[in-house]
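Structures for review follow.
There are two complexes below, and they share subunit A, which is joined by subunit B in the first and by subunit C in the second.
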Partner chain A sequence: MPDRREFLNTLIRGSILAGLGLLSGALIFRTGKEGDCGFDFTCGSCSKSKDCKLPRALESRQMVWQLDPSKCIQCGRCATNCVLTPSAVKCVHVYAMCGYCDLCGGYFKPGTKTLNTAAENQLCPTNALKRKFVEDPFFEYTIDELLCIGCGKCVKGCGAFGNGSLQLQVRHDRCVNCNQCSIARNCPSGAFSRVPAGNPSLLKGMGTETETGKLKSS
Partner chain B sequence: MSKQKLVIILLLLLTVQATSVFAVQRFPKPEFETGYIQPETQVPSPRTEILAVMDVVVLLLSLSVISWIVLKKRSRNGVFLMSVFSLIYFGFYREGCICAIGSIQNITLALFDYNYILPLTVIAFFIIPLVFTLFFGRTFCAGVCPFGAMQDMVAFRPQKLGSRLNAILGMVPYIYLGLAVLYAATGTDFIICRYDPFVGIFRFNASFSMFVFAGILLLSGIFIARPYCRFLCPYGVLLNWVSRFSRRHITITPAECIQCRLCEDSCPYDAIDFPVTSRNPESRQVMVRKLMLICTLIPFLIVAGGWTGIRLHETLAGVNGKVKLARQLLDPATLRIQSEPFEITAYKSSGKSQMQVNEEASVMLKRFYTGGWILGGFIGLMFGVVIAGRMLNIWRTDYVPNKGTCLSCTRCVDYCPVKSDLSKVNT
Partner chain C sequence: MKQKIFVIAALILLLCLILFMTRDLFFSHSENKPNPYEYDLKALKSADTTQSLYTEDRQIHTRLAEIHGVATDAADNIYIAGNGGVEIYSRDGVFLKKFSIKGTARCITVDVKDNIYLGMEDHVEIWNGSGKLITQWTSPGEESIITSIAVTDTWVFLADAGRKVVYRCDLSGKMIDRIGEKDPENKIPGFIVPSPYFDLGIAPDGSLWVVNPGRHEFEKYTFDGRLVSTWGEANMTMEGFCGCCNPSHFAFLHDGSFVTSEKGIERIKIYTSGGKFNSIVALSASFEEGTKGLDLAVDSRDRVIVLDPVKLMVRIFVKKK
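Up next, the complex of A and B:
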């Protein structure tokens, strides 16, 4: 006598297996909206991603967290909300954008009288931003990433008074790539997004393909 | 000095239109005369993709090994060793991310948001344990899940909770799963990751509340074996469903049950079903009455749950960022606060109109309305099913592990005095 319960079990098992197969198939091969390649980080929904030879498209499957400096308002939550202490977000200096100012809005507290490296003049709470004389009247600013806590104080200063060459970024040698970034969850301006691991930088003013592409399209 | 004055004038001019930070280079790049070479900005690359593939391979291998240990070797020591390995690899080395439990949210988000790119490894971490469970029972829970492994190691004095308490506490995972899916589908938050208790231990770094939660779970885990797995884990719900139809499953005895009752107290998870022979078979009249009751109860609970869900949908949507922002903007109290919240600052610099914010929030509220209905209905349905399950008496003569709740830890196997399949040897 064929076991009725066993038969039903097999039937349900088969349908669960088929369902799981369909689900994973749909998830792997789903295609989204059509659109030209405006470099706007939506490779996953791009219909051309299969034939696309851009390095980002090739590695578009692995995603990491990054923050967009143009959306960032330097609220300081990056320093406190990361699962890591100190945070995986650090200030990054885009030298190509820097004006090498003597009066650096990122280095000095507002209202500083004498422009020297005295501790009371510095905006950085951890002395992570270093100032070095290059030639009159230019000064080079470098970031000691071991000391930087990603509070964004210097970023705010540089953005308000300078070129905006100091920018906050997730440093991927530190970031553990949580499934849900705990900074992203608390970011007030929605600056955090998942970006392809092949091109994990959203720095402005680096002269990368992202920006040239954006310039061309706009 | 004239340069410095110029700088100050420029500053004054430019602070007025300080809105678009990146549009103009305020201070041109200097032309250096001393041969200064500008350093290059370093961009460290993330973990390579090969290692992500390795995670999937390790997952596949460890699932195969644990299923073989549970079903063929029936060795508790083997399961223990395997769970130590998983705790080290998936827990301390991979720091708990990505895990199968959290992957539910990624899968949900991907189904509802086309622009969300779902890595293949996440699909693998979601599907593979389910497929293995479909064939071998919840061997994933036994020795691959680092959460389970950690709790299993502290279950020193497990107490019986009784079937009623088990059923009541067992409702929590359904609610948790429903909420996790709702919040992931609306793109609000990944609450499983947010309230993940053990990831802080894996990383030796967490907020105070996370450590407290982990501490409570591990300490209560001494007496209530695996509290997270049984009474919280949302992935466990899916594994429970799938495991009920598994092709093979661990058995307490390798041959025939001799009703010695030695295994009765062996299961720390109250997952052994005792023989039910006394009140069976019930009279036809009683059975019909029960069926009628179940058939009316379940639809009633679904509707009641759905109604509650709709009543609560605004509260549920309260944590959504878009809804929160719209409420903050509409709330007259925000204007009176001395320092404005960062959210408002960000909104002002984003250049969105209040209309847009309200529009986004109302779309989100509509999604929560539907979602709240489905969530409430789902919870009602699960209540109904659990109650129905408790009303039915399924005829059972032997001590068998409950295929749904058994975590395949193989503790009961050592209690069984029947050591090999003697009946087969004799014939």
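Up next, the complex of A and C:
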């Protein structure tokens, strides 16, 4: 009949063995979950991408602030509520949607009779939207981001009269990615949300089907 | 005693601080602050009411789920075309009949013999009033979008928004001419059609008018394609046309005046036959914001018949007495 000392020895040995077994199992399981596939690049459709530890995958999982142009009502608060001056929100131009109009609703003030670049004709308060002749009757519009304050006046004009190719976006080369974005806190339409840093744009009208399948309807 | 006063003062100060922080955190009134960059479009959408000479007389609610075109015949019956069918109503809005079609009709015209011409995306179909398909013309091309049809005694004119050209066809559908293609030698600027809104019509004097929507102009052509004259001004005032592809639709009154409809700023206006702004039929307040495709027709009594594809109805405007 085993004495108490022998029983305790057996118990301790058994516990150590069980512990070692559990540790090995956990290590094997963890290795499999990490996505140790032997590659040194990340695949977009990889099923292990959620657990991938490569720098690119880590970056894509980091979240940044972005505003959804389809919800934006151009209230002007992007210009006034950002912690940065001028705001990290800028107008961006989706050229694929632009009609290259001579009478651009985003460029000209209402009531403009002569379509030229005179300061009194321009809707943009900082002259950030530039107009350049391409060929009759087309004009190209570009944005000087250094001057743009993200007020959204041009966005409203373009959406009201044109195709809506001018849209507001948070520019991540200057956004400091506050934990609680002060524009998001004050956005009346809830247009701000966190998006993956690897895919930080939310542009309207990109990659959607056109009304007829041939020509865009606007 | 002094210590007690000090403690009470400190407590009051602390309370004030807490109140200020609570107000700042939870009762921020930033949404009530005026927008220093406000761009008020309301002023653009309103107008001098004395210029509005028309009033809405009646509405006809369609049973079609999607509508694109409206036309009238010699008896002032009203035809509505859309996805999957054509509906016919009497001049007073009484439902007469409906027939089914395969696909979507983007435009409709009825000739003097009551033949119904439908622009079915890339080709034309001709139906009779009983809902029987008479003939189907071959498509000018895969990228064609027929957005308007006008019929005379001898010719049929088609506006093709996809290929940015007008076709003159004979009554059998044989293409005779291509009209309005860019031709600097003959000073034809070419049609700019960024979206599928490209209308044409035959004026009471028999001349062919085509909208050049990208230039915000009306262009008058001879039947063999010679550009005769143009009118139209691109600006945001009531007298001009603005936005992308305007005017989107038009029709003629019996004195040759143009009735025009626009999108962006939804409005229906009348211009004299010489292109001078005359009066307003309806302004943006009459339509849902973002309404586009306000097709127009005019009947023998010069009532302006407007297709409202958002409210799924035809709205009839008459001149105020």
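We take it that the second predicted complex is superposed on the first by the 146 of 218 C-alpha atoms of A that agree within 3 Å, B and C clash if a C-alpha of one lies under 4 Å from a C-alpha of the other, contacts with A are read in each partner's own complex, and residues count from 1 in each chain.
Quick note on the criterion: a residue touches a chain if its C-beta (ideal position, glycine included) is under 8 Å from a C-beta of that chain, and two chains touch if they have at least 3 such contacts.
What you see is a predicted model; the values in this text were computed from it and never measured.
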Which of subunit B and subunit C A:Phe108 touches, first, second, both or neither: second
Which superposed partner A:Cys175 touches (first subunit B, second subunit C, both, neither): first
Touching partner for A:Gly152 - first (subunit B), second (subunit C), both, neither: second
Contacts of A:Leu123 with subunit B and subunit C, given as first, second, both or neither: second
Subunit B versus subunit C as contact partner of A:Ala160, first or second or both or neither: both
First (subunit B), second (subunit C), both or neither touched by A:Asn9: first
First, second, both or neither for A:Pro137, with subunit B first and subunit C second: both
Partner chain(s) touched by A:Gly99 [first = subunit B, second = subunit C, both, neither]: both
Contacts of A:Cys75 with subunit B and subunit C, given as first, second, both or neither: both
Touching both subunit C and subunit B, counted on subunit A across the two superposed complexes: 75, 77, 99, 101-103, 137, 160-163, 188
Residue ranges of subunit C touching subunit A (in the complex, touch as defined): 28, 30-31, 35-39, 41, 43-44, 121, 143, 145, 161-162, 189, 192-197, 214-216, 234-237, 242-245, 264-265, 292
Complex contacts: residues of subunit B adjacent to subunit A: 3-4, 7-8, 11, 14-15, 18, 21-22, 25-30, 32-34, 36, 38-41, 43-47, 49, 52, 95, 97-99, 102-103, 105-107, 110-111, 114-121, 123, 127, 130-131, 134, 189-190, 193-194, 199-200, 203, 205-206, 242, 245-247, 321, 341-343, 345-346, 349-350
Complex interface listing, subunit A residues touching subunit B: 9, 12-13, 16-17, 20, 23-24, 27-28, 30, 32-33, 42-45, 59-64, 69-71, 73, 75, 77, 83-85, 92-103, 134-135, 137-138, 140, 142, 159-164, 169, 171-173, 175-180, 182, 185, 188-190, 194, 196-197, 200-201, 203-206
Subunit A - residues contacting subunit C, complex: 74-77, 79-81, 99, 101-103, 105, 108, 110-113, 115, 123, 125, 136-137, 151-153, 156-157, 160-163, 186, 188, 211-212, 214-218
